[in-house]
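Please read through the structure below; I'll follow up with questions.
Residue numbering begins at 1 within each chain, and the chains themselves are lettered A, B, C and D in the order written.
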Amino acid sequence: MVSVETLFDKVKKWISSFVVGRGYTNMMTGYMTGELQSLVFALILASFFRIFSIPLGMILLVAVIAGIFYFAPIITTLEKENSNDLNRVLFWVVIYFAVIIAVTLWGR
Amino acid sequence: MSAYPSNLWSIPLLVVIPILVAVVVNLIYNRARLIKVISLASAICLALITLFSSYGYHWFTGQPALRPETLTFTFDPGLPAWRLALEFYFGPLQQAMIFIMSLILIFVVAVATSGLTKRQGPYMGMIFLLYASAAIIIMVNDFYHLWIAVEIGSLVVAGVVVGSGTSVSHKAALKYTFFSALSGAGLAIALALILGLTGYPNISDAIMYIQSVNLGEMSIILYVAFGFFVLSWIYAGGLAPIHPLKSEVYGASFPHGTAMLQTQSKLMLVAIGIVMLRVFGNLPFVREVMLAISVITMMLGVVMALIQTDFRWILAYLIVSHSGLVTVGISLGTTEGLVGGIFQAINDVIYMTVLLLCCEALYYFGGKTSTRHSLGLAKKAPWLGVAIILGTMAASGIPPFNGFQSEIILIQASLKAGLPEVAAVILMVSVTTFIALFRAIYRLFLKPPETSEPIVEAKVPMVLHVGLWVLVAITLIIGIYPNIVVSFITPVAEAVSLPWYL
Amino acid sequence: MIEVTIQLLGFIAAAALVVIGIAGMLFLDNLIKKIIAFTLLSDGVNLLLVALGYVEGGVVPILIPGMSVSEFAARAALVFPVGIVLTNIVIGVSTTAILVALAIMLYRRYGTLKASKVLKGERR
Amino acid sequence: MIELSSSFIVMAYVMVVAITVGAVAALLQKDLLRAAFISGAESIALAFFFQALLAPDLGLTQAIVGTVLLPGIIILGIFKTRRTEED
């Protein structure tokens, strides 16, 4: 017997795989919306690069789309990186500071 | 301005009165009635001072910023350096911002003294010190006071958070205070670098020096100073990399404490952002860096708000996200952008306070704020349901309310500046705000309760009702007549955005 | 070859203190150790500020009898960093006090000072 | 005027070493009480460095605050919690 899996079943499985093991499926709407939002946000951020150079921005946009497919549920990664662990935030702040100084000095 | 500018006595009162009240209230510690009377009276007094004070300067040492004969700033290459003009400036913008803050202080004090907190004395003292630090940062025109007020503010935030007394709040306060080392030290270094470069602690003087003297190779120092300044800016306002800690601070304190905290941090964002624009605005890539930080903050905050399961944490992340909305306007640097950003800060403070007071009212119905429970509160307390939906509409920018007015200014400003992507992000943020809030409201208010056990109902104090409806009325009034506030902001925005329009 | 002055030595020591402080805050696990690293960091910043105000071949900025004002103005070390650092020392002490108080409260609650247990990131 | 710079620079060399070694040593101790004392000793070196950098008033302040007040606060915390670092 070969089970008939329609496209709807596949999409449903893919969606519910985000929330497996959480035992609280009411959050699914939130996670789904968050996933779509962060997708669009990433695309918009990539298209921002047109301010500096348009060809490079196009390459970046393609790279971001490829990256989105690779890291499929972005929202879980985002949630992990947004953890309120002290050391993680400290690490991000140090990197941020280095980037700001580098960018402003480069722009000079 | 023909006469020599006189030293205004009324401005320092905005700082002195809260500090005095903090000391007195701390001393009488536990006598609730007396604390209530003193703190309410002084909060009303502060609001009256901001309403009726005249505009002008107060300088502590050195000389005033304006010279009567030429109407120029004190900058004069002929005079020796180290003039030490430490001063406050009180103008229309400062009046609008401090008046809104005083209004919220009145409601916060009234709500806080009518229940929930024990050990009221020290807690009230912390709230008044928070007000004082924000007032200094809004009025200040020299780097020294700016730095001290940011330091005081960061310590007092920890105090307010600890006031709620849970272990989560202790953790949040500890993490937040560890960062004051980085940001405060960074601001001190930035202050020392600018001081070493220009020789003026006064912001106006330093700007005049930077614009009139060719710095040459020394301008590298300005970039490093900008980096440190950004560090303290993101720390004070809870922008992108620090937003997990800041949202934890917002979520862990009492809702009325959060109302004061978000007021302080949003107005601080505006004030420090304007200082950064004035000092560094002409450098390349500065406004791009600020814009990138605020866009990332908006996006991360709103996406994280979507996946929270507690109404308090949803509000906490939304506050962070809307701080990004404020700084987008400021970092655009155009007149419309500045007007939109500052107007958004004022509106934001008001409607978020409405939502936070609703969250406070939930505490009187058993204290369950998690969206895992469906309480069916709309039947128990229809007034609360109406208020929270009105607050949500204001927060997501639906026309008759004030959020709409500032967001449309922001969208127009970003389109005019040639950045349609920013406009798209702003639109998405306002829509997602609505989704995130309404998910919680549906679970808490509209969905019929799952269990049949009755909700514990305590008597909601009268001040909470009054504060809620007064603030909702203000959102409506500002939404219909935005010029009440915009007329205060526009001249300042025109003055600040001048340098790159010449 | 750069000439080694006291100012340069000050910058070196300040950089060392700041790096040690940040590394300590990042990688040490004990809360009290983290607080000590915090004091080291603020010491480093103080040293940096004082070294910025140093004038080579200068004098302590106190006007002693027998010294002309113009000579004093030319040679005295800068005073404004001193004011900043004095404030910074006081702020550092109060911040340390708050941190220690919070660490004690968390110790009473959790029975441990390990930051990886007390301050670990948690889902809500 | 007495020129002190030549003697100060020798002192500064010693103090750079003392500050760096003290800071590292304070953070490497297993015994927290000893770490607090060593950070106090590092503060004394820092106070001498302030003296060499023409800020004697700061040197005095740092000597008092860094050797008495700060270690005092930290030692208070240690007595209220625990003395050794757990694994």
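As a working rule, a residue touches a chain if its C-beta (ideal position, glycine included) is under 8 Å from a C-beta of that chain, and two chains touch if they have at least 3 such contacts.
In this text, all values refer to a predicted model and were calculated from it rather than measured experimentally.
**Student:** Comparing A-B against B-C, which pair counts more contacting C-beta pairs?
**Tutor:** Of the two interfaces, B-C and A-B, more C-beta pairs touch across A-B.
**Student:** Find the geometric centre of each of subunit A and subunit B from their Cα atoms only, then give the gap between the two centres in Å, rounded to an integer.
**Tutor:** 29
**Student:** Hey, how far is the Cα centre of subunit A from the one of subunit D, in Å?
**Tutor:** The mean C-alpha positions of subunit A and subunit D differ by 46 Å.
**Student:** Suppose each chain is reduced to the average of its Cα coordinates; what separation in Å results between subunit B and subunit D?
**Tutor:** Comparing mean C-alpha positions, subunit D is 38 Å from subunit B.
**Student:** What parts of subunit B, by residue number, touch at least two of the other chains?
**Tutor:** Residues 175, 178, 182, 244, 308-309 of subunit B touch two or more partner chains.
**Student:** Tell me, which residues of subunit C touch at least two other chains?
**Tutor:** Subunit C, residues with two or more chain partners: 21-22, 25, 81, 103, 119, 121.
**Student:** Tell me, which residues of subunit D touch at least two other chains?
**Tutor:** none
**Student:** What's the complete list of touching chain pairs for this entry?
**Tutor:** Those chain pairs satisfying the definition are A-B, A-C, B-C, C-D.
**Student:** Tell me, which parts of subunit B touch subunit C in their complex?
**Tutor:** Residues 80, 82, 84, 144, 147-148, 151, 155, 158-159, 162, 167, 170-171, 173-175, 177-178, 180-182, 184-185, 188-189, 191-193, 195-196, 201, 244, 251, 308-310, 313.
**Student:** What residues on subunit C touch subunit A, complex-wise?
**Tutor:** 22, 25-27, 115, 119-123
**Student:** Can you check the complex and tell me which residues of subunit D touch subunit C?
**Tutor:** 1, 3, 5, 8-9, 12-13, 15-16, 19-20, 23-24, 26-27, 32, 35-36, 39, 42-43, 46, 49-50, 52-58, 61-62, 65-66, 69-70, 73-74, 76-78, 80-82, 85-86
**Student:** So in the complex, which bits of subunit C are touching subunit D?
**Tutor:** Residue list for subunit C touching subunit D: 4-7, 9-10, 12-13, 16-17, 20-21, 24, 28-30, 32-33, 35-37, 39-40, 43, 46-47, 50-51, 53-61, 67, 77, 81-82, 85-86, 89-90, 92-93, 96-97, 100-101, 103-104, 107, 112-114.
**Student:** Of all residues in subunit A, which touch subunit C in the complex?
**Tutor:** Of all residues in subunit A, those touching subunit C are 79, 83-88, 90-91, 94.
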